[in-house]
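Below, chain A partners chain B and then partners chain C, in two separate complexes.
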Partner chain A sequence: MGVSVPPPGSVGQVELQMASLFTEAEPLVLANGEKLGPVEVAFETYGSLNERRDNAVFILHALTGDAHAAGYHAGDARPGWWDNLIGPGKPLDTDRFFVICANLLGGCQGTTGPSSINPATGTPFGLGFPQLTVADLVEVHRGLLRHLGISRLLAALGGSLGGMQALQWGLSYPEEVANGVVVAASSRLTAQNIAFSAVARRAIMTDPNFLGGDYVSQETNPDVGLAIARMMAHITYLSEDALTEKFGREPHPDSREPGFGIDFAVESYLDHQGQVFLGRFDALSYLYLSRVMDYFDPFSTPTSAALVTQAPVKWLVMSFDTDWRFGTEHSRRIVRRLELAEQPVTFREIQSPWGHDSFLLEVPSYHATLRAFLDRALVEVSQ
Partner chain B sequence: MGVSVPPPGSVGQVELQMASLFTEAEPLVLANGEKLGPVEVAFETYGSLNERRDNAVFILHALTGDAHAAGYHAGDARPGWWDNLIGPGKPLDTDRFFVICANLLGGCQGTTGPSSINPATGTPFGLGFPQLTVADLVEVHRGLLRHLGISRLLAALGGSLGGMQALQWGLSYPEEVANGVVVAASSRLTAQNIAFSAVARRAIMTDPNFLGGDYVSQETNPDVGLAIARMMAHITYLSEDALTEKFGREPHPDSREPGFGIDFAVESYLDHQGQVFLGRFDALSYLYLSRVMDYFDPFSTPTSAALVTQAPVKWLVMSFDTDWRFGTEHSRRIVRRLELAEQPVTFREIQSPWGHDSFLLEVPSYHATLRAFLDRALVEVSQ
Partner chain C sequence: MILRPDLTLLAGMIPDGSRVLDLGCGSGALLAHLIANKTCRGAGVEIDPDAVLAAISLGVPVVELDLDTELDHFADHSYDVVVLSRTIQTLKRPREVLQQMARIGDQLIVSVPNFGLLRNRLRLMRGRMPMSRDLPHRWYDTPNLRFTTLVDLEELFASVELRIEQRIVLAPTGLPSRTGQAWPNLFGAAAVYVLRA
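Right after this comes the complex of A and B.
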């Protein structure tokens, strides 16, 4: 089943690595004062760290991403989620860059999250897991960076929630981030953004198998609610035109007469997206990480504004013209705020029919812009 | 609690009326060949039918509407859902027009629907209720019209699914409809439109209390799923800017610290919309009537195109610039198709910040346009 000969431009076979960061004695102190330790972190790296240790690019993943951004796990036929961007000769050229991607704190793909075992009790955290912030996610990434012996990133780079982490990192610790790339992200969710997430959380938490968040120890899963959340999210990830182009009003091939099953092709697509999601994602992580996004508002605190003014971070902010989840207005707001803080910002609105999902896709002008920005970054750091 | 003195411009106290249409011997024959009879229809009327019986305006309601469009039921403090439009001196001036509004076939506010008792079995229809089309809804309205002794409408008028019925009525029976008013409607849902309804239906049907549609006889209700459906729908009824204007990122007053309850004002709004909906709407009706909308595609059949060419219906089509459920493109398509059939069409895109919900609101240029169109219609019929 697996890929024995990886295609050209692939980083080839990769393995998930684990790091145990922080300790019970020296825990991670969250923004709300709560403490976590140890924190297990799952991560992958592609390419090699150079001798000057100045070619590291940290990939920050989105709400439902994971550490497996590129290459192939043994036996897998499909590569990591951002494989079109990462590899020899690709914009994130692994012949030149050392690329790191880690599963987020609060996630469910190896890094400590709400469904992990709480060492203090021997049972899953469940809803006893602390509420997180984007700043907390960044603190764990910083711990991993220290663990890898790197003191400064060539770039922090991410889309959607990933872009929020890149933004937060550069705002809070400009000395650690030479360049920040923020794609299809937001510095402040709108009421509509929050509303969609609220309905998704409602579907998860009212699933009878949610069991107040104790489903892990009961060996069940709120699959029905999680699938509904995912189906709804997928509507917002694509532009209306993209859904029309892909599915239009095509009937599903198995549909014989009107009913309440899968009559239209678009219903089959949503159903499929909901079902495949269940095999790879955890409902509690969905709750925690979606809430993290709701509260993200980094420019509201005078602290970060003060930090910004001393920061040499060079920013690239990109939006997609058909993205209606975090559309261009969200990116423009980030740009305005960075410019108010006298930060150097390059902004591009990329034309792409695919809506929010575009940040995951091989959109030529998007990749070309990224490539040019990162090439320039590498030249500058080498001088 | 009730309104003892109705405000000026009100039609005052009104009562729901009932008509039993069709019979077991002469049933309603649905578009798919299935038969229903008798069909109970709940309706209201406002104003008086004139001697020439040519001043009747039929209001077609939307997905979750009902027959109570104007005035006050005894003891109620709030008037019907389109009271801002209907009454003495209002655009639907009840001193001049005879206004009829009936609960839809498949509904749950008095007219026969899937939660009604099937006379053949003595138990609720449930999912045994036949699938409907907009044409079927219109057939029942026509039965009511005959029952009232009216052969031709001055106007058929509705918003959203109501506009679809007005369109279908005028296309199928142009001799019965002098004027058709189609507001914020669609002649063909997009994949995105269908997708939202699909997720809503999924939430309803996976609620453990749905019981395969037998919840009525089990004296329970899929309240959790129906509330989720309604919450999601409300996101699509308002423009993103309207949600921002109403709620922004305001915290809910009772919210103390981040959690998974109602932290933001917009979450409280959605929760409230979901809860109040449960008291007045039926989950099976939601399934049936939303599916009716998915399949609506009146211009796909050559039959109606043929009918259109002989029709003297005068059309008013209106959209709202911030409506992203059935935006202006949907209305433009209706206009193009009517124009291709050489129908007289007036089209207006109304500026309103409130999105799809605008059709229910007192938007001045919207009401003024309606008033002018109906005044002209009344003058023409009187000549």
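Right after this comes the complex of A and C.
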């Protein structure tokens, strides 16, 4: 059932839009030198661009996100994934800000990715799709920004992999980003982070239906492997306390005696998360985008931050105290590196019991901080 | 925005264009002034959540952390000036904080209320804990953990090898005091120190 009258604070009904960026003749040149073109991009916008074209905020989504950040698609009962942040009167007040969200390169929700049809061959790219970097994702977002006729963002804002994109954008093109908001992100994954991704990828690639990445043309899907990858990742998105509070050691209602099925409520929950994920996410995108995170290391050279030192961006970096995927130490590293690059940086560690997932939730002090920072950004741009 | 008199004085002691770290920056008034009027850059450090939000609203970069335990965050010699304004008396580990300040910055500016002010001594002689414009809280709800006179404080500076470059003694009005310059520990309600390692 759809929502005929949107609730207060909602942007209401929205539609996914498409843009075709780059061409075969003028392709996107990736960081590794490979070329892609055309690149189809799925995106949504909320609010309106002002006359000075200086109120645009680009929302950068995380590993498994999509372009539908706010409002309702026709017929849907659930709003976009960051609806608690975006809408009239919300911290990203659509009466004042023009909000853009695009599915990222390598994704599977409308933007060109490894399961898209390669225009050169007429078959899916599969594992022939080039390896990507966060910088490549940013290049496509920049292409969309040009397509929309915007030369400078009021803010680039994202959590987790989204925060990495905001960071990369500001470091590489500081003149295009007045403010960078980096939430629950990392500037360099630890061995533990990479280890989790490695197990997820192994689950996918050893699924008999993976077929060396050709599953799309063979009309099958590595369901088991992808669901396991999601189940495991989901554990890392929540804190131990959050899982305890949600499920404790509650038995699953259908469970009668100990066995190897779904005995505990938490097992049922994870199983459900895995199954739902199959309906909306692609295994190859999971491989490619998790690798993008593994290799992200934007401060790797002494000159990494030279551009942004010349043209400072105002930064807001936030972490959550119970996040053990990208905990506070990851954010502190970003802050320290930005400080060494003489950037104006604001940092807060937000208290929230929900772990990494907190960045998607309406944690009051978190939203109050975003509101204060974005309101100030709007004041400064109109000065 | 009108700056408090003691902050105006403090701002005047900071060279144009400095990188400034303001420890216990409150709502960021000093930094906002320095950024707007003296081409300074820098950040505040604050732990009170409402003050952090106020600083963000003023456009002042602010890092939320605990001065007593988390100053390791800042790199060696990463700031020109490190300010500790009316904050040392609230710290659990003032000695360690002063050492951290010397590591982080080149020039340190520390302002402190003086417990040894004559008026405070008289009040104590009458058997009451001092209260004044500079020490406005009752003993049971004060954020101040430490009460020092200027003489005691200068001993602490010496013990961590901080050299006093300049001392401005303030009258209870918050303005520089002439009698205070002659007898600081008796007539200074507060003092601002410029220190260097």
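By definition in this document, the second predicted complex is superposed on the first by the 381 of 383 C-alpha atoms of A that agree within 3 Å, B and C clash if a C-alpha of one lies under 4 Å from a C-alpha of the other, contacts with A are read in each partner's own complex, and residues count from 1 in each chain.
Here, a contact is a pair of C-beta atoms (placed from the backbone, for glycine too) under 8 Å apart; a residue touches a chain by one contact, two chains touch by 3 or more.
In this text the structure is predicted, and so the values were computed from the model without any measurement.
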item: First (chain B), second (chain C), both or neither touched by A:376; value: second
item: Which superposed partner A:278 touches (first chain B, second chain C, both, neither); value: neither
item: First, second, both or neither for A:368, with chain B first and chain C second; value: second
item: Which of chain B and chain C A:346 touches, first, second, both or neither; value: second
item: Touched partner set for A:29, first chain B, second chain C, both or neither; value: neither
item: Contacts of A:257 with chain B and chain C, given as first, second, both or neither; value: first
item: Contacts of A:16 with chain B and chain C, given as first, second, both or neither; value: neither
item: Residues on chain A engaged by chain C in the complex (per definition of touch); value: 314-316, 332, 335-336, 339-340, 342, 344-349, 365, 368-369, 372-373, 375-376, 379-380
item: Residues on chain B engaged by chain A in the complex (per definition of touch); value: 32, 127, 131, 188-192, 194-196, 198-199, 201-203, 205-206, 208, 224, 227-228, 231-232, 235, 240, 243-244, 246-249, 257-260, 263-267, 270, 287, 291, 294-295, 297
item: In the complex with chain A, residue positions of chain C that touch it; value: 19, 41, 43, 49, 52-53, 55-59, 61-65, 73-75, 78
